[in-house]
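Read through the structures below before going on.
First chain A sits with chain B, and in the next complex the same chain sits with chain C.
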Partner chain A sequence: MHAVIESLAKVFTGIFSLGEADLITIGINMIMGLSMFLPMTVGQLSFGQAGFMSIGAHIAVVLTLYAGVWFPIALLAGGLGAGLIGFLVGVPVLRLRGLLLALVTFAFAQVVEVFFLNFKPTGAAEGIRGIYPYTNLWYVYGILAILVVFLARLRHSRTGRAFEAVKLDEVAAEAMGVNVTRAKLMAFSAGAFVAGIGGGLYAHFAVFIQYDNFDFKRGVDIAMYMVLGGMDVFYGPLLGAFIITYLSTALQFLADWRWEVWGSIVILVMIFRPQGILGRDTLSARRWFRRRQPTAA
Partner chain B sequence: MKTRLRLLGCGFIALLALPGLAHAFGDEIVVGFMVPLTKKGASYGVQSRAATEVAVEEINAAGGIGGRKLTMITKDTEGDNALAIQLARQLIDKDQVIAAHGPQWSAEAEAVFPICERSKVLCFSPTSTKPGVSAPYPWAFRNTVDENVLVPQTLKWVKDNYPWVKKAAILTDIKDAYSKSLGHDTFRPKLKEVGIEVVEEVDYVTGDTDFSAHITKIKAKVPDMIAVGGTWVETANMMKEAQKQDMKVLWVGGVGMGNARIVENTGRASEGAVHNATYDKDANTEMNQSYVRRLLAKVPNETPHWPAANCYDAMKMLAFAIKQANIANTPQTLEADRKKVRDALASIKDFPGLTSADGKISVVDIANGKHAGDAIKKGTLIQIQNGKFTPVGEGKAAALKIR
Partner chain C sequence: MLATFVQQVINGLMLGGSYALVAIGYTLIFGVLNLLHLAHGEVAMIGSYVGLTLVLTAMSQFGVLPIWLVLIAAMIGAGIVGIAVELVAFRPLGRRQLHITPLITTIAVAFILQEAAVKIFGSEQRSFPVQMFDQLKGHDLQLGIFRITSVQMFIIGASLALMVGLYFFVEKTQMGKAMRACAENTTTARLLGVNVHWITVWTFGIASALAGAAGVLIGLAYNITPLMGVGLGLKGLTIMLFGGSGNIVGAMVAALILGMIETMSVAYLVPAWKDGFAFGILILILLYKPTGLFGSRLQIEAGR
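== the complex of A and B ==
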C-alpha cells in the first residue's frame, strides 16, 4: 500500500523535477497540438499533421545539415514548405468535410511517409543522422509563446470570429459575408505551417529522423492531444499534450499496466467531458467565483 | 465547495511532502534498461526483458557485483525515438545509472547514442544491427556482429557444398534499414566476391504478403539461389510463393531469418534454406539449457529468440565490466566510475556467452584506428533439413536436387 501511495506521489512530484529533455518534448508536442487545433478553429479535423511535420523536419534538416543555413531560418523554411504543401493540398481537399476530410488527410500523411521512404537524398529507409542538436528550451518555448499570443489575439479578431462562424454553421457564415473557402484554407495552411515548425524542432532535438518517425501513430497521438485536452479553446491541446507526454514517462513504474490505466483515463474523460478536459468556460473566473444563486426564480 | 478545495490542497501538499525515493549508492549498483514493451517492438521486447531479468537474478544470486546488489531500472521506450531520448536522459540525470543497457532498435540507438556520448555514459545496445550505428560515438557499444562478417562465411559454405550455384537473385526489404543494407550493401558485393553472378534484384517492403510478381520476375532469370535481405516473416511468404510456382532454389538469409517459426509457416518450401545465426536455442550447453529453463519459467508460451539471448549476454557482460572496473560507487565518483565501466567493457575479450557459436564474445573498441563498438562472435551456419534448424559443420550439407 505504501509503495502504491509513494508511486502515485511520484507521479505528482515528478512535475517539479522535469528535465530539459522532458520539457523540450512536451513543448514540441504542445506545438503539434496547436497545429492540430488551427484547422479545428474552422471545424476541420485533420489527421495529416504528422505528414506536415515530416515535411518541415526534412526541409529544415537538409538546410542546416547540407547548406549550413542558420537554424531559425531553416525552421521558418520548413514551416513555409509545409504550409505551402498544406495550401496546395487544401485547395481540393477542403471541399470535403468531417469523416471524409479526416480520411483524406490521413491518406496524405501516408503519401508523405512513403515519399520519404523512397526519397534517396534524405537517406530513404536509413534516415538522416548527424543532425546538430540546435533545439533548446528557448527556441521551443519562444515559438510556443508566439503561437499562444497569436491564438489568444485571434479569438477576438475579425478573422477569428469568421473562423468561429464557419465552424458553427458554414451556410450561415457564407450568408453573413464570410469567405468560407478562404477561411478554411487559411486555417488549414496555418496548421500545416505550425506542424512544419514543430517538425524542424523535433528533428534538431532527436538528432536522427527517418520516415517512420512521422507515421500514422504519431498522427493519432497529435489528435489525442487535442481530443483529450479540449478542442474548443487553444489551451486545451496544450494541457492535452502536457498530460499525454508527461504520463508516458511518469507512469513507467506501472510497466505493463500503463496502457490500461491510460486507456481508462481517456474513457473517463470522454464520458464526463466529451469536449475534452478544458471547455470554453472551464477557466472562466466568473464561473468559479460567482456566488451561488438560488436556481428557482 | 470551499472546504473540499481546501482539503484537496492539503492532500496535494501532503503528497509533495512525502519523501521521494532517493537513489542509493554504496551497496547498490544501478543500471538502466531501455526496451520497447508496448507498441512497436513489443513482441520482441517482452521476452528480452524476461531474459535480462534472468541475467540480473543470476548475478545477484551469485553474490552480486563484488558483494554489491545489482538493480535494474526498466524503461519502456515504445519504440519511439523522442520518448527514448527522454528516458535516456532520466536514467542518466535523475536515476544516475552507472551504465545503460539498450536501446534495442537501431532507430532508437541513433537518437540515444549521441546523448550517451554527450553525457559520458556507456550505452550498450544488445540488438541494434544496422551497420555503423555505434561507430561515431566512442561511448556506444553493441552486442551484435556486422553482417559483413557473417555473410562471407555463409557464401563460402554455399560455394563449397553446392558448386552448381552460379547465378543468384537478391530480394531486399527496402523499408527496414537493417534489411536494406543486408541486401544492397552486403549480399550484392559479397556474392560478386565469391564469383556468383547476380542476375536479378527485386525490392519489397516490410508487411508485403503477396510475392507472386516478385517471384515471377526472378523465375524468368533462372537463378540457382536467392539471397534475402529481410526477416523471416516475409521470407516465409516468398518461399511459399516459389513453391507454388514450382521454382526450386537455394534460399540464403541473414540473422533475420533465424526464427524457427519459418518452418511452421512454410512446411517443405523452406527445405534447404541456409542462414548464419549467432544464437542456437537448442545448443546443448549447460549454460544455454539453464538459461532456456529460467527464461521459459518467466515467459512460458514463447520460443527463445536471439534478441533475448543477446540481452541476456549483454547484461552479463555489463556486470562483468562493472566488476572489472572496480568502481567506488559514490555520487562523487560517478563520473569517473562511468568512465571506468566504459573502458572495462571496451576491453572484454572472449567472454563466455550464449550468442556465439564457440561461446566467446569479444568487444571491438577500435577497428582500423576508429571506434567501432561492435562485437566479434562466431556464427553457426544453420540449414533447414527435414523441417528442422540443423547446425551444419563441414560436409553435413543436405543433398539438394535443384540442378
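== the complex of A and C ==
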C-alpha cells in the first residue's frame, strides 16, 4: 500500500522534474493535437494527421539535410507542403462527413505510409538518419504560442464564427451566407499545415525518421489528445496531449500493466465525459458558482 | 503459369472466406448499432489463441482434438469476449453519442486485448501443431494438375458453411428478424416489442463468434500473433464498406474479391505496395460509392 501511494505521489511530483526532451515531446504532441483540433472547428473529424505529419517531416528533412536550407524556412516549407496536399485531398474528401470522413482520412494516412515505405529518395524502408538536431524548446513553444494566440483570437473572429456555424449546422450556416465549402477547406488545410510543421519539428528532434514513425498508432495517439482533452475548445487538445504524453512515461511504475491501466482510463473518461475532459463550460466561473437547477431529462 | 494462377485463385478463396467472416461481424454490429467496432480484429485474434491454447492443452493431456471442436470452442470464447466488449465499451456510452467516442473506446479495448495477448500468450509467432493437420491428411483433392490441400478445403468449406448458416439465421429465424428490425430502426423495433438490449448483446456474441472462427481459420493457414488483429480488422472494415454497410451478402462477395485482389497483387504486383492498393481502393469507394458495390441498407452519414 505504502509503495502504491509513493508511486502515485511520484506521478504528480514528476511534473516538476521534466527534462528538456520530455518538454519538447509534449510540445510537439500539443501541436499535433491542435492540428487535429483545427478541422474539428468545422466539425470535421480527420484521422489523417499522421500522414500530413509524415509529409511535413520528410519535406523539412530533405531541405535541411540535402539543400542546407535554414531550419525555420524548412519547417515552413514542410508545413506548406503538407497544407497544399491537405488542400488537394480536401477538395474531394470534404464532401464526406462524420465516420466516412474519418475513415477516408485514415486511409489517406495509410497510403502516405506505404508511399514513404517505397519512396527511394527518402531512404524507403530504411528511413533517413543523421538529421540535424535543430529542434529546441524555443522553436517548439514559440510555434505553440503563436498557434494558441491564433486559435484564441480565431474564436471571436468573423472566420471563427463562420466555422462555429458550420460545425453546428451546415445547412443553417449556408443559409446565413457562410461559404461552407470554403470554411471546411480552410480549416482542413490549416490542420494539415500545422501537422506538417509538427512533423518537421519531430524529425529534427528525433534525428531519425522512418515511414512507420507516422503509422496507425501515431494517428490514434493524435486523435486521443483531442478526444480525451476536449474537442470543443483549443485548450482541450493541449491538456490531452500533456496528460497522455506525460502519463505514458509516468506510469512506468506499473511496468507491464500500464497499457491496460491506460486503456481503462480512456474508456472511463469517455463514459463519463464523452466530450473530453475540458469543455466549453469547464472553465466558466458562472457554471461553478451557479445554483444547481434540476434540468429536464 | 495457369497452375500458379489457379493456385492463387484457391488461396484467394481461402483468404476471402476468412475475411468474409470478420467483415460479416462488422456489418452485423454496424447494422444494429450504427457504430464501428474497431476491436473486432482483436476479438478474432483472441479466438485463434483460444483455439491454439485448447489444442495445446488437450495434446499434453490426452491427444489431438477434432478440428471442428476447436473451431466451436474458439467461437464460444470469442463470442464471450465480444459480449464483454459490448458491455464495457459500448453499453455505458448510451445511444446518443458522437461517432468518435465509441471509436476511441474500442481502440482502447483493442490495445488492452493486444497487450493482454502478449502477456498471456507471448509475443512470438505461433502456429497450430503439425498433429492438428494430420487428421485432415489424405483427403487432398487432385484436379488434373491442380491440387487443393485438405486444409484449404476445410478452411473454404468451414467459412462457406458458417456464412450460409448465418444467412439463414438472419433471414429465417425470429431473432434474425429482430436483428434486421433493429438495424432498420431501433425505436420502431422497441415499440414493436423487440428487446433491443438483448438483441444487441446477441449481435455482438454472434459477430464475435464468427470473428473467432475466422481467427482459427487464418491461424490454420498462416500464423498467430498478438498483432494479427490489426490487419484483420482493417480488412474487415474495408470489405464492409466495399460490399455496402449492413449488407451481409455484399460483404461475402466483397471479401472474396478482396481476398483475390490481395493474393494476386502479392503474386503479380509489387508486394510492398499491397496495403497501398487496399487503402487506395477504400478511398475510391468512400469517395465515389459510399454505399458500396452492392448497396447499403443503412444511412451511415449522419453528421459528426
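Rule of thumb we're sticking to: the second predicted complex is superposed on the first by the 288 of 297 C-alpha atoms of A that agree within 3 Å, B and C clash if a C-alpha of one lies under 4 Å from a C-alpha of the other, contacts with A are read in each partner's own complex, and residues count from 1 in each chain.
Just so we're on the same page, a contact is a pair of C-beta atoms (placed from the backbone, for glycine too) under 8 Å apart; a residue touches a chain by one contact, two chains touch by 3 or more.
For clarity, every value in this text was computed on a predicted model and none was experimentally measured.
In the superposition on chain A, A:Phe208 makes contact with chain B only, not with chain C. Of the two partner chains, chain B is the only one that A:Ala9 touches; chain C does not reach it.
Contact with neither chain B nor chain C is seen for A:Gly68 once the two complexes are overlaid on the shared chain. In the superposed model, A:Gly177 lies in contact with neither chain B nor chain C. In the superposed model, A:Asp256 makes contact with both chain B and chain C. In the superposition on chain A, A:Val227 makes contact with chain C only, not with chain B. Applying the stated contact rule after C-alpha superposition, one finds that A:Leu117 touches each of chain B and chain C.
Touch criterion met: A:Gly19 reaches chain B, while chain C stays clear of it. In the superposition on chain A, contact is made by A:Gly127 with chain B only, not with chain C. Once the two complexes are overlaid on chain A, the chain A residues touched by chain B in the first and by chain C in the second are 117-118, 125, 256, 259.
The part of chain B that touches chain A in the complex is made up of residues 12, 15-16, 18, 20-21, 37-40, 74-76, 78, 81-83, 85-90, 93-94, 107, 110-111, 114, 130, 136, 174-177, 180-181, 205. Partner chain C is touched in their complex by these residues of chain A: 43, 45, 92-93, 95-100, 102-104, 107-108, 110-111, 114-115, 117-118, 125, 167, 216, 220, 223-224, 227-228, 231, 256, 259-260, 262-264, 266-267, 270-271, 274-275. Contact residues on chain C toward chain A in their complex (touch as defined above): 36, 88-89, 92-93, 97-101, 103-105, 107-109, 111-112, 114-116, 119, 230, 237, 241, 270, 272-273, 275-276, 279-280, 282-283, 286-287, 290, 300-304. Of all the residues in chain A, the ones that touch chain B in their complex are 5-6, 8-10, 12-13, 16-17, 19-22, 25, 28, 117-118, 124-127, 129-130, 133, 202, 205-208, 210, 212-213, 217, 248-249, 252, 255-256, 258-259.
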